[in-house]
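Across the two complexes that follow, chain A remains constant while its partner is chain B and subsequently chain C.
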Partner chain A sequence: MKTLYVDGSGFMHRLSARVKLALLAAASLALFLIQSPSVLGVGAIATGLLYASLRIGWRQSWLRLRVLFVTIAAVALFTLVFNSPVEAVSVFFRLSALALLASAVTATTTTGDFITEVTFAATPLEKLGLVKAADIGLSIGLVLRFIPEILLRHQAIRDAHIARGLRPKALSIIVPLIILTLKNADEIASAIDARAIRAQK
Partner chain B sequence: MDIHFDKAEARFDGRVTLHPLTVRLTERRIGVIGLNGSGKTTFARMINGLVSPANGKVVVNGFDTKADTDRARSQVGFIFQNPQNQIILPILKEDIALGLTPRKLSKAEIEARTTAILARFGIGHLADRRSHELSGGELQLAAFASVLVTEPDILIMDEPTNQLDLKNRNLVARTISELPENVIVLTHDLDLIAGFDRVLLFDNGRLAGDGTASETIARYRELVA
Partner chain C sequence: MPTRDLVLAALFAAIIIVLGLVPPVMLGFIPVPITAQSLGVMLAGVVLGAKRGTIAVLLVLVLAAIGLPVLSGGRGGLAVFMAPTTGYLIGWVFAAMVTGYLSQIMVGRDQAGLVQGVNFFIAALMGGVIVLYGIGITYLALITGMGFVKAFLGSLAFIPGDVLKAVIAALAGRAVMAGYPLLPQRA
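Presenting the complex of A and B:
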């Protein structure tokens, strides 16, 4: 199983997971309150520099961020067509800054720390009887666990097509990808049950 | 260890996967053999409560697996065929610690227990490694550690030497033979269970043999001949 976490000892790695997640939440809010494209542009450049400081490398960064940036470009294009160029630029900078910042937090925070902090954040809801905090933390951890796995599985199915001389098509990749992912999710769910991770003591 | 199957039957999609079975298991090392699809895995999953009996009951150390699933499950550690699916979090020490979270222990206690269990299996140096970086044998030892950190009374292993090369197979076999816990091993690797106290043979969802390792293995060889 691969992970989105990258080893390191820089500033972002040393910052506590709680502080990083609080800053990410605050920055997300601020990015949606700011309307000026130039300020948003500065924000995007700053988060880009922060991300670059992690020294993940161009290739790894491209692999991690390409889907996000294709989506952001599509949203910006949509805004350009249906709204205005200024709004399109704002959307592009805002979402880019957000994606880079969130990726930087994900790359410097282990899944275990995510689970701990999300569980902590959800504890007040548990006290109100609304949720089980540990389940929310575990769910977030599992999402993070599955992202690189799904990307790897996508690549494996693509390679299997090519190896058999078939042209990979979206539908012929998505169907086995969904089936394999669900099967894997079922096995992981069994492991969670078998290890009594959700058990109440 | 005291596992009691009392006319326990398992069904899947209306089909009987394990015919009514009555058996009591108290030996420390039990092997389970049989062809693929013979009911071995269903039998093992019923001990852990992953499969509930459609009829009858399974009682593990006094706890009914259907009525008292959590407590029955706390008695039984289960190691799946594919250890990759056993390891839930990417970094080994975090995954091991995850198994202790429902116990509401302090961070220091969790760290101490994690360190101790990794040391017990000689994989302390792998604590910060990601599971995809481990060899097959290391991964299997990591799976042992992830389960045994919660100190279950019984450890079930589903084909623990499957897909391992000879070196890793021998490493895992040696580790199993040295485990002080009660173990139930499902396997096609007959050498692995040759010295076990008792071996069960399944065939078409029924118990087809039950005795010493040599008797049951001989019966199995006859069956597939």
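Presenting the complex of A and C:
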């Protein structure tokens, strides 16, 4: 599966993941505390310029952000109709700035860096005994490893329907998909335990 | 946590992601395609129960957060967590938890098929519709300053589709319980 990271060497790429996430959190808080439409407008333009500096391109950006912007536009329209134009503009600028800033962080941080941060963030939970930080990386790897296999299985089940002259229906595809996939769990768990992956510290 | 439980949760997370990648299926009698990913969340509850179902959903969200396009429509990255609809993603976690918990306490292997189906439907409805929309609408109202009434009205159109998904989840839960029961049983 292709990640949303975009290779590059700008200043955002060189910032550490932790700094970027902290800045994102601070900026989000600021954006929600600011009420003035003009300041929010400046913020939206600033984040827009930041995002543009990554040179992701119009088409790729549209593919990434279209659902989000449709939602933002819908909310802004709703606010325009039910509240006031000033509030609608504020809502639009605020949500757009957030979307652009978050996308910029995602595009400039590698998956590996993110996983390191998630594992670090989970260490307090580990002290509480709720989760083992190493398990997080293992689970992420497991999910990614099995997505293609399950996709193929889904296609095979669809083909089996068509071969029998049946139209693929939700229930008759989902049930075999779930059962066949989960039946592998024991083998996979044995393979993991045999390699003592979870026993390593 | 036993390795098997971890693997089950991870496999189900992959199933939820695949349900977002494949083209929407038809229901057979209704000519409207339904996007299956929120169905996957209810399924996680009815098949795996509260703990593993919740972990499966959390894994999907973590994968989305670290920049993988795992949500339906190829969405991913931190931007989806800064959107007006983020409440529905947060709601997924509690939906799986509530659906799983209710499934565990209400459904038994030796119940009649119809009874299992009805109980699974109640579990899926409580979690996947009531709790999910409760959280989604609250978040939408607070983040956009819309107020609850307008947020509720705006979300109303999607509820019937999700009630239908609860029916499918119930039927699937019953079938999976008959074929490969995994739900932890509570007496």
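Keep in mind that, in the parts below, the second predicted complex is superposed on the first by the 124 of 201 C-alpha atoms of A that agree within 3 Å, B and C clash if a C-alpha of one lies under 4 Å from a C-alpha of the other, contacts with A are read in each partner's own complex, and residues count from 1 in each chain.
As a convention for this text, a residue touches a chain if its C-beta (ideal position, glycine included) is under 8 Å from a C-beta of that chain, and two chains touch if they have at least 3 such contacts.
All values reported here derive from a predicted model rather than from experimental measurement.
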Inset, instruction - Identify the partner contact of A:Thr111: answer first if only chain B is touched, second if only chain C is, both if each is, neither if none is. - result: both
Inset, instruction - May I ask you to decide whether A:Asn184 touches chain B, chain C, both, or neither, giving the answer as first, second, both or neither? - result: both
Legend entry - Touching partner for A:Ser96 - first (chain B), second (chain C), both, neither: neither
Legend entry - Touching partner for A:Thr47 - first (chain B), second (chain C), both, neither: neither
Inset, instruction - Identify the partner contact of A:Ala134: answer first if only chain B is touched, second if only chain C is, both if each is, neither if none is. - result: first
Inset, instruction - Of the two partners chain B and chain C, indicate the one touching more residues belonging to chain A. - result: C
Inset, instruction - Tell me which partner A:Ala194 touches in the superposition: chain B (first), chain C (second), both or neither. - result: first
Inset, instruction - For chain A, give the residues common to its interface with chain B and its interface with chain C. - result: 1-3, 5, 110-111, 115, 142, 184, 188, 192-193, 198
Inset, instruction - Would you tell me which residues of chain B are touching chain A in their complex? - result: 48-50, 70, 73-74, 77-78, 80, 82, 84-91, 94, 97-99, 101-104, 130-132, 146-147, 150
Inset, instruction - Using the touch definition up top, name the residues of chain A that touch chain B in the complex. - result: 1-3, 5, 110-112, 115, 134, 141-142, 145, 184, 187-188, 190-201
Inset, instruction - Using the touch definition up top, name the residues of chain A that touch chain C in the complex. - result: 1-5, 24, 28, 63-65, 67-68, 71-72, 74-75, 78-79, 82-83, 87, 91, 95, 98-103, 105-107, 109-111, 114-115, 118, 131-132, 135-136, 138-140, 142-144, 146-147, 150-151, 154, 167-171, 173-175, 177-179, 181-186, 188-189, 192-193, 198
Legend entry - chain A contact footprint on chain C (complex, rising order): 1-4, 6-15, 17-19, 21-22, 25-28, 34, 36, 39, 43, 47, 55, 59-60, 62-63, 65-70, 73-85, 140, 144-146, 150, 154, 168, 171-172, 175-176, 179-180, 182
